[in-house]
Structures are given as structure tokens and as C-alpha cells.
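These notes concern the structure reproduced below.
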Amino acid sequence: MVCTVYLTEKPDLNDPILIEGLPGIGFVANIATLHLINELKAPMFGEIRSSSFQDFAVTSGNGKARYPTNELYYHKARDNEERDLIILYGNTQALTTIGQYELCGKILDTAQDLDCHNIITLGGLRREGKITEPPKLYCAASDPQTLKQALDLGAQIIEGQIYGIAGLLIGLSPLWNIQGFCLLAETPGYYADAAAAREVLTAANKILHLKADMTRLDKAAETTHEILKSFGMTSQPTEEKEKEKEHYTWRI
Amino acid sequence: MVCTVYLTEKPDLNDPILIEGLPGIGFVANIATLHLINELKAPMFGEIRSSSFQDFAVTSGNGKARYPTNELYYHKARDNEERDLIILYGNTQALTTIGQYELCGKILDTAQDLDCHNIITLGGLRREGKITEPPKLYCAASDPQTLKQALDLGAQIIEGQIYGIAGLLIGLSPLWNIQGFCLLAETPGYYADAAAAREVLTAANKILHLKADMTRLDKAAETTHEILKSFGMTSQPTEEKEKEKEHYTWRI
Amino acid sequence: MVCTVYLTEKPDLNDPILIEGLPGIGFVANIATLHLINELKAPMFGEIRSSSFQDFAVTSGNGKARYPTNELYYHKARDNEERDLIILYGNTQALTTIGQYELCGKILDTAQDLDCHNIITLGGLRREGKITEPPKLYCAASDPQTLKQALDLGAQIIEGQIYGIAGLLIGLSPLWNIQGFCLLAETPGYYADAAAAREVLTAANKILHLKADMTRLDKAAETTHEILKSFGMTSQPTEEKEKEKEHYTWRI
Amino acid sequence: MVCTVYLTEKPDLNDPILIEGLPGIGFVANIATLHLINELKAPMFGEIRSSSFQDFAVTSGNGKARYPTNELYYHKARDNEERDLIILYGNTQALTTIGQYELCGKILDTAQDLDCHNIITLGGLRREGKITEPPKLYCAASDPQTLKQALDLGAQIIEGQIYGIAGLLIGLSPLWNIQGFCLLAETPGYYADAAAAREVLTAANKILHLKADMTRLDKAAETTHEILKSFGMTSQPTEEKEKEKEHYTWRI
């Protein structure tokens, strides 16, 4: 299987923006994109499977066993302001470094095929101690012009590493002639953080101009929390920190 | 070698059900399928080898060094009630996520080639504290119709992850146009649990209608215990729990 | 690179026996085969390189940086009693399960090409506490007939796992139509154990009938100790035990 | 992606020496080669990408998200004394053994294509306690003749392992008909060590005869420190030691 993209249709999109929403710190991107999919009634048009995803099945209350997967949704602009979207949603990132590179490659291949030239990755930036209200936004970008877009949304420049797909996708995007920025909100990081998700989505929407009701975002956070519970992933700050610490160990 | 299926014959089976019986929690599936193979005198018709299996040899009292392997057996219905079976038995699952996906793919390929449309995976569900007598059954399925079959056997819906081959096989089966359910019995999980094995097998037999004597199942449990001893795997609850804990650590 | 065999010549051998001598517990096989190579003045005829070997260079007193490698030597019988030999010597085994399977496959391919039908793997069997003098011998084999050969050398049957190449090679050998046994001597395991090496070699020689002086085996043990020192591998019983413990953790 | 070399041009070089400067202990090679690139205004002519590099993006003060990469620079001799150079600089080595072997293979392929027959790898040799002033130099080489070159620079022979790309590249180089030595300076190892970098570079320059000002090397050390900070890699002696300890655990 390795990593394969299965498209059920190839939507006809006009200069779409890809929004990345895989699970990560605070599940910020996950909540935000689930909300978008719900609000926009975005149709699913594809799936990405990888043998670098978790090797278990997950069930929810209905007893249906699901394998871990990433899903692709699209949205056609409903007026002159809205932008066409590709939304990447899922319940896992790849488990290995090689798997993450392979996944990014497949996502960028797919984006390129759909005439996409811009990517926004969303995420959380873990902060110890008290988070300001509203949480501060941070950004990085593939190039100065795209960075300016992100700064104009009220984000400030992040220094250091941006872990996972949110960072790697932006880092690699220029190799596919795609520009992108990541938008991260401060979060304690160990629960499904609706406030952080609202912050990144509201900011991104200054570019997307989507007519989407942000009040129901709490529902997406609750659903995400339920999904996480079935993944055994609620309130585990200790393990996550250890995982994070691992990233600091370089091979030298 | 990677992962390869070697068939010594291609049995002519009529809508067979595949029963998965690889080692897992409480060795429930392992005991149950070993018992079936013994009782039904099921002939072995194939073997699956993988370089993701353990890289050691195992010997038993007779001094024969064996490499880790999975084996395929079949059973032809002996009357109008019994179902044709494919039985997957073995002494290991794959050691890596990629290896598990590859193994599942090979199993499902083989099932499809043998005109199999239904899979039952067996297993244990680890429970701390006292297990009810008889142990409770849990299930999940690839689809609502198959779930109903499992619920009719007296199992209740499991929520959360189903680790290993028992979960992944059911999760992935629809991609091969195969339906399936898993049937898990409560177990403390750190020894070869004959009671749990009897419970899942007795329940599954309401569908399979096999004329198999369940009284001798204790013998299969003993044999399994002996095999495990040669694998150095008896009474190691601590390591198993740590392994399990690992599964909870997501990469995010 | 992955795993590749480079032969500088294809020696013309008559029903040779392959002796495996890669580093393992107590470096028993390593010492024994180094001694054979020295005593028999066996010419090197090939090398096996693998990207699953250690990724560092080793230097000894002469400042030459060497990459980790396995080497192939041969010996032509010098009289009617001696057997032709293929000797596998090296400074590492593969670091991963997949790497070990690949290495075994390459070794068995090479053996088959050289008309070899018999393998003897040597090794140590770690024992806590006092080792009897001389150390006891243990064995396992690919088949009953070959097992008898090993038992006739004074070894008793080992039950349980045989780790590493010494076990896997014997386990897999029948798939290449090769028969083999492993011969393990008790050892505390954390230093280059000349006594254990002498014991396995003397026993094996009842089959090989080599006119080799065993008195100089201590020199091979010293050289092995020197090599190990350059690998930073002398007296580290703790880490080795942890590694060993790891092997007991199954994925279930 | 795996591991791929992208050349923007193929420079016409005369018997160039390849200088390896990837991050390692004390970032000695990293500082030294960054200084050379700055001083010589060496043009970049290629990039090596690998899915065995870190799977994150790094940003610095300017907000540009960069993926981990290795870069190739060249220098044309400006007089009869200077040597043509290929400089390998980067912000990571590969994370896995297989990735390191693959990376070395690609580097040596590229060197061979550019008519390079000599490699110098630079690095630090971690020493506990007080480092002598100036730090002592150590070396190892692919062959006796090249070793003599290194000894003539005032280095003494290192015994034991040389970890990472600095060792493996020298160890493997003869397989590409390339000769090389490594030059390591004593260092406490857990910060960007300008003194050690100056020492190896000054020594190597006795061969390279580069007209390069060593006074500005502190600037390269500062830049390296800044880059490391953005990688979260300043002052983490504990983790590094643990990593190092891991290397001592052999699979046996």
C-alpha cells in the first residue's frame, strides 16, 4: 500500500487554496477543518492511505471499524469573494519521518494536479503557563510575499522548528511551485482547543472570505474530542511532551 | 523476502469464512484456531513469510529450529450446516506498522483469490481487575449488516482502538470487498487464556455451525502455553503494558 | 547499497560446509572462525556490505578507517578427511529485523551458488552464575537427521529462541534446500570468551576433521578483544542485557 | 523523494578536494565549512534532499520556512597554490543508518562525477573534562599514504569508532576509488565550538593553501549558534550523551 491517493472525482477548481487539517498540537487544524467541512457541506472527493499510518482500527459508538486515513474535500466558491478550497482532513499523520515526507509529496502532487498554488497549514504552538486571551497567532511562510499575507492577518513570525505536516508541507511546497504559510495559535496543546481553532480560522478567513458561521465551531471541537477519546488520546500531556522532547535529539 | 504467500495447493472452497488466529492479547485467537485446526483436522495449504517477523529461530523439545511464520489451513463443510473455512494461524504478527499493513494486504489478497467474502477476527480485550465469568464479548465490524451478525452472537460494541491484525484486517477488509467483524473476549491478557478462547469460539460457532468438541480446547491452550514458553513469552504483563502504552503516543 | 555480496573469485569447492562466525553473545563464533581463518590461512574471496550495518567507521592502531562488513573465506580440504569450508566472518550483524532477513537471504543464496548443502552456526548461550568447566554445549537443527549429527558431538537440545543470525540462518536454511545446525556454548557473554569458542570449535571439528592447532585460539580471542575495544564493546553487560530484554517484547 | 542530488550546474573542477561540513559533535565541521563558504564566496551548485532528514521545517528571524537539506558549494583555485574545492554544508545528517549509507553513496557518486579523488571530513571528538589549549587533533584515513598526510598536519591516530558521516564517508570512500582522511579536534561537544573549528581548518589549510582569513571564523560560529538555536539545539549535553551511548549497544 505504502502511500496512495484515491480520488473518486477530480473536481474542477479555480485557483484553489489547500487547507491542511491533520491532527496535531491542540488538534487546532483538525477542529478548524472539520468545522469548515461541516459548515460548507464540502463533498469528499478522495482519500489518502498509507502503511505509515497507525496499524489499528478505530471504532466509535456505532461499532464501525475504520482504518486510519486522510480525506480530501473541496469547496466551490459561492460568490465572487469566496475562494475555491481543497480541505485535507484526517485522523492521523504518518508515524515515521520517511512516511511524513512521502505523505507530503503525495499531497503536493495532488494539489499541483488540481491547479493549486497556495497552501495554508493550521496548527497549535504549545505554550507552558497561561495563554493570552485571545491566543496569539504565529506564522512562517515559503517566501517573503506569502509571509506578508500571513503577517497581515495579525500573526507574528515564529522562530525555530515547526513540527509535523504543518511545517514540512510549507517547507517543501516551493519544490512543487506552490506557496504557502502556516498559521499557529498558542495552545496548552493537550486537549481539543476550540479557542485556538477559532482564532486561526477567523484569521485565515480574512483571505478565504468564506461565509461560514464560527459559532458552531464548538461542535467541531466536541466531535474532535469524541474522536480523540476513541483514539485514547484525551489528556495525555506527559507522553506528548516526551514525544516532543525526542524531536530535539539530533543525530550528530 | 519482504512478505510473501506460498500456497502448496489452491483449495476449492465454497464461500469460505476466514478465521484470523495470530497471537495477540491473551493468545485468544491463537488458542481458538489451533483448537479448530486440531478438531477439524484442517489441512495446511500455505504459508506466509515476512522479513517483518521476528528475526530469530524457535526450538521446541524436539530441537527443530523454526523461523517465525503464519500458516493457512482450510476446512471443507462436512454437512449442509457447516461453513467452509480458511484458518490463519501463526506464531507472530509483523513487528512494524508497515509490516502489519503489508501482511494484511497479503492476507486479503489471498482471501479474495479464494472467493472469500467474510472474515472473523478473534482476540482478547485486556481488562484490569476481575473478569466476569463467563468473560464478556465485544465486537466491531466493517459495516452495519455484519455488525448485526456479531451483536446477535451476544457481543456488545467496543469503542476505541482495536490493536494489531484483528483490528486492521476488519478495518481494511472493505477495500477488498470483504466484510468482517472482530470478536473479542475480556481477558487479563498475560497468559494463554483458554476461557476467553472458548467464549469467542463458542459464539463464532453459532455462525460456523462446526461440529467441533469444545472440551478439548484446554489442550490447545496448553500447547499454546508451551509454544509461548519456548518464545519466552509467559507471564510478562509489564512489558506488554509498556508496549501497549506506546500505542497511545501519537506523532503530532 | 542495501545488502550486496561482492565476490572476488568463485572458488571451486566440493560439498563445502558453511561456518557462520559473526559477532554475537560472548563473541564465540567470531573467535572460533577468526582462529580457523588464521590457522588454515583461508583466502578471502568475497565481502557482504549492507546499509543495515553500523553507520560508522572503525579504526585500529594503524589509523585505517574501516566500514562494518562481513567477509567470506574458503578452505580446500588438504587430505581425504578434511572438509571444504566457506567461512563467514565479520564485525557486525544487521541492525534491523529486515536487515537480518536480507543478510540471511544473501548468505544462503551465496552458499547455494557454491554448491553448499550444510551450515554450522556457532554461538554462545548466555548463562547467569557459574559456568561449568568445560562449558556445556547446546544445539538445534533444521531437521532430525542433522540434529542427530549435533547431538553426537555432545550437545544437548536447546529450547526457546536462538537470537540473531545463528538462529535465523538455521531456521531459514531448508527454504534453500540447505541443512544446518547451531552449536552454542554456555558463556557469561560479556567478554570475548575463548573457552566457549574452543569448546564449540573442538566439537564441530569432529565433523570437519581440520588439522588445526587449538592452542593458538587464545590469540584469536585476544585479537577479537582488541577489535571489540576499538568498537567500544568490552565489558558492557548491562546494555547487552537490555537489548536482550527487548527481544522478549512481542508486538501483540 | 528518498535521497536525491539536484545540481544547478556541473562546475568544471581540477582534481577537487571534497570538504565535508555537516552538523556533528561541537558543530566543528559546520562552522569550518560555513566560514570557508563565506570567505571564499563559494557558489552553491547543488542540493541533497532526503526523506531520512528531519521531518520538520525551520524558520529563522525572517519567517522563511526551510526544510532540512544538504548543500553543495565549489571553489576554483585563485592561484597556483590553492586547491579546487567541493564543500558539503547542511543543517542535518540522515536520521537512520540506512539513510546515512544512502547519503554517503550519493555524496561519493557526486564526488566521483566531478573528478574528485580526495575527501577531508572534519569533526569534533568529545572529551570530558578540560580541553587542552589549543585542542588536540586526531585523524584516521582510508589508506596509509593518506594517513601520512593527516599525521603531517600534526594530528594523532584515533582508535575506536568515528560516528556519523565523518567516519562512514572515509570508511566507504575506497569503494569509489576515493582517498580521504578525517580530522577531529577535541571538544566538549555541546556548543558551537569555534576554537575546535579553527584548529581543524588551520590544519587542513596546510594542504588546501586557501587564502582565507581565520579571524572571522567566530562569526561563522555565531551564525551556527543562531541556526542551532532555531533548531532548538543549544546546550543539550544530556540528550547527546544518551544518543551517543545508544551507539555502543550492539545487536548481538
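First chain written, first letter: the chains are A, B, C and D, and each begins at residue 1.
We adopt the following convention: contacts are C-beta pairs under 8 Å (C-beta built on N, C-alpha and C of every residue); 3 or more make two chains touch, one makes a residue touch a chain.
In this text, all values refer to a predicted model and were calculated from it rather than measured experimentally.
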Checklist entry - Listed by label, which chains are in contact with chain A and with chain D? => result none
Next on the checklist: Between chain B and chain D, how many steps is the shortest route if every step has to go to a touching chain?
Outcome noted: 2
Checklist outcome for this item: Cα rotation angle, chain B onto chain C, in degrees to the nearest 5, is 90
Next on the checklist: Interface check for copies chain C and chain D. Shared numbers divided by all numbers used: above half gives same, below half gives different; which is it?
Outcome noted: different
Checklist outcome for this item: CA centroids of chain A and chain B: separation to the nearest Å works out as 36
Item to check | Whole-Å gap separating chain A and chain C, where each centre is the average of the chain's CA atoms | outcome: 51
Checklist outcome for this item: Where chain B touches two or more other chains at once, the residues are 164
Checklist entry - Which of line, ring, star, complete and other names the graph you get from chains that touch? => result ring
Checklist entry - Where on chain B does chain A make contact in their complex? => result 97-98, 100-102, 105, 139-144, 147, 150-151, 157-164, 167-168, 170-172, 175, 182, 245, 247-252
Checklist entry - How about chain D: which of its residues touch chain A in the complex? => result 1, 23-25, 49, 51-67, 92-96, 164, 229-233, 236, 239-240, 242-243
